[in-house]
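Consider the two complexes below, in which chain A is the common component and chain B and chain C are the respective partners.
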Partner chain A sequence: MKRLLVLVALAVIGVTLLYGIGKMPPMDSRASPDKTHVVPRYLGHGEEEAGAKNIITGVILNYRGYDTMGEVSVIFSALCAVIAILDREKKGRSRSGVDASRVRTSLIVTTVVRFSLPVVMLFAVYTMLHGEPSPGGGFQGGAIVGASIILFTIVFGLAVSTKRIPPGARVPMESVNMLGFLSMGFIGLAFGVQFLTYILPGLGVAAAETVRKLMLDVIELGIGIGGGIIFISIVFSMIREDRYELQQDVP
Partner chain B sequence: MNWTVNLLLMLFLLATAVVAITLKDLLAAVVVFSAYSLMMAMLWTQLRAPDLALTEAAVGAGVTTVLFIIVVYRTVRREDR
Partner chain C sequence: MNFSRMFHNLNYVVSVLLFLIGLYAVTVKPNLIKKLIGLNIMETSVFLFIVSIGMVESGQAPIVTEGVKTSQMVNPIPQALILTGIVVAVSTTAVALSLCLRLHERYGTLNSDEILASITDVSQLGRPWEEF
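== the complex of A and B ==
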């Protein structure tokens, strides 16, 4: 009986969805609304409306700015959940498996990480700052920063990296992405235009251009640094093992 | 030339996806899943979505792999218990 009900419900949902698909314009057809309205608007007016040379950045930061704001708050709340359940690492007491291991890390691995980390970091900063005219952007750059620090942590151990990047330095930077995004959004309201507008009225052409670039850079750097630090904090609190737990393992 | 590369990438993508869900060993499955993400990143560049390719390579192949490995490291094999 239960199975029959499930089957009927699924069949009803499936038929409804298929009926909806039948009403949709065929895929890739020129008559579909996204081809007639969305694409011409984005490609034709994207630069002067959204204020970014790269249309994708314009869509992410302006046309669908609320969506990006939601994503930024999603990774922030992910960090909150991880911290609430697993707690932060403790200074001088938390370590990871690499610190506790009696086998030393291979010289090849440590040398390769030492040489590649600065290059990876440079690429991450480039990705963040060039998000406006070229592919990339804050989130991608932040993920690369996070991945590089995580690589450092799994090779050199949590004790070393938590000494280099202590919680006291990370906590203020974890909210930088939301704060930067919201404050840049409210600048638009202060000038009497919509939330998240980058081309402000009432300034000269040159001044408006400078302000637009500065605002976009602040947003990209904020999303990048905040996102990267959030990734790092999540991994640190997942990887940590406190010293008193480890002593039980050693006979 | 282009479509052969795409076909190879897609076949490899399909193979890694199937292997990742059929493997019994979780660590091996995570590694194969990372390879899946790398293939996906290359396909994104083929589809002219470099933004997504960067995200997929950094998050999919990098960060989530480490997170999965940490979680696998914290679990116990059922046979060993």
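== the complex of A and C ==
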């Protein structure tokens, strides 16, 4: 009965949405309203105005910098919420199911992870640092870093992972993305221009250009490293098992 | 309705279908993890929809390079917006999953109907925040 009601409601919603979509302009036309107002300016002047060859990076960090700062604060507050709900791991008592299990992890899995992890890390660093003139950027690089460490943790267990990435180094790094963004924003205020302005007055043209590149790189790196560490921390506090009564003996 | 245009805008139609699949999972499935998966499918359908809006016929990535005219580039704004959207989706999923962990710890099940049935009296809930 409930399922039937839901299906009727879904049919109504679907027909409404399809009706709306039938009236939309062709998908790939250059004349559709989304490409006529501000986009030509972004595409034509994005490089000298935003300071990035990749227009998307320019839009994210410069034209819509506030938006990205809000996003960075969203992921940071997600970490805060997860830790408030699940608690952090206690010192020296962090085990996951892999550590508690008597069955050893397959040799094939550990070997493949051992060999592929450095390559994945290298790719992550490339994505982070080369995101300005090519596809990529801070968030993407951070996600790859986080994913590789999470893979390592799933295969080798939380005890090994916390030994490699000690909480003393990880916990302070969690706020790097927020702090990097805010500090770069306040540099603009200190020079007497608006918040999140990258072109500082009082310097020469060439020097201002270099400083802008440097500031964009700092923000990009901060977003990447901070985002990756936040993903790692969320997963670490989710997969630890020391909250439960362990049935097995711990090796 | 203009069916030939709708066939041309196939991405939009597929995103509507994905949205409906996700909504079905969220409303009908009793398992909380399956509800979360449905929520993620809905988010993905919106991402597909918005990124498809920015598409251009035989378009190039919006990166300034030699030999690529700006009129050939796709719209960068939807891509930037969706980058934000993906991060927000990950954040909400993380918080929801940790709430699921807590629920499973307390009730021993992730079936939302069973959880609701086991709460017959609201005053039974006590003061869970004092456990921490």
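Please note the rule applied: the second predicted complex is superposed on the first by the 208 of 251 C-alpha atoms of A that agree within 3 Å, B and C clash if a C-alpha of one lies under 4 Å from a C-alpha of the other, contacts with A are read in each partner's own complex, and residues count from 1 in each chain.
Operating definition for what follows: contacts are C-beta pairs under 8 Å (C-beta built on N, C-alpha and C of every residue); 3 or more make two chains touch, one makes a residue touch a chain.
Remember, predicted model here, so these are calculated numbers, not experimental data.
**Q** In the three-chain superposition, say which chain, chain B or chain C, touches more residues of chain A.
**A** The partner that reaches more residues of chain A in the superposed model: C.
**Q** Output check: A:Gly14 vs chain B and chain C. Expected answer is one of first, second, both, neither. What do you get?
**A** Only chain C is touched by A:Gly14; chain B is not.
**Q** If you stack the two complexes on chain A, which partner ends up touching A:Gly97: first (chain B), second (chain C), both, or neither?
**A** Only chain B is touched by A:Gly97; chain C is not.
**Q** Answer with first, second, both or neither: which of chain B and chain C does A:Ile144 touch in the superposed model?
**A** A:Ile144: touches chain B, not chain C.
**Q** If you stack the two complexes on chain A, which partner ends up touching A:Gly136: first (chain B), second (chain C), both, or neither?
**A** first
**Q** For A:Arg170, select first, second, both or neither according to whether it touches chain B, chain C, the two together, or no partner.
**A** So A:Arg170 meets neither chain B nor chain C here.
**Q** In the overlaid three-chain picture, which partner chain does A:Thr127 touch, first (chain B) or second (chain C), both, or neither?
**A** After superposing on A, A:Thr127 lies in contact with chain B but is clear of chain C.
**Q** Looking at the overlay, what does A:Thr68 touch: chain B (first), chain C (second), both, or neither?
**A** second
**Q** Quick check for you: in the superposed arrangement, does A:Arg88 touch first (chain B), second (chain C), both or neither?
**A** neither
**Q** Quick check on the superposed pair: does A:Ile154 touch chain B, chain C, both, or neither? Answer first, second, both or neither.
**A** first
**Q** Intersection of chain A residues contacting chain B with those contacting chain C?
**A** Shared contact residues on chain A (touching chain B in one complex, chain C in the other): 56, 135, 137, 139, 231, 234, 238.
**Q** Help me check something: in the complex, which residues belonging to chain C touch chain A?
**A** These residues of chain C touch chain A: 1-3, 5-6, 8-9, 11-13, 16-17, 19-20, 23-24, 27-28, 52-57, 59, 61-65, 70-71, 73, 75-80, 83-84, 86-88, 90-92, 94-95, 97-99, 101-102, 105, 132.
**Q** Residues of chain A touching chain B in their complex?
**A** 56, 97, 127, 135-137, 139-140, 143-144, 146-147, 150, 154, 231, 234-235, 238-239
**Q** How about chain A: which of its residues touch chain C in the complex?
**A** 2-3, 6-7, 9-10, 13-14, 17-19, 21-24, 26-30, 32, 34-35, 38-40, 42-44, 46-47, 53-56, 58-60, 64, 67-68, 71, 74-75, 77-79, 81-82, 85-87, 133-135, 137, 139, 227, 231, 234, 237-238, 243-244
**Q** Can you tell me which positions in chain B touch chain A when the two form their complex?
**A** Per the stated touch rule, the residues are 50-51, 54-55, 58-59, 62-63, 66-67, 70-71, 73.
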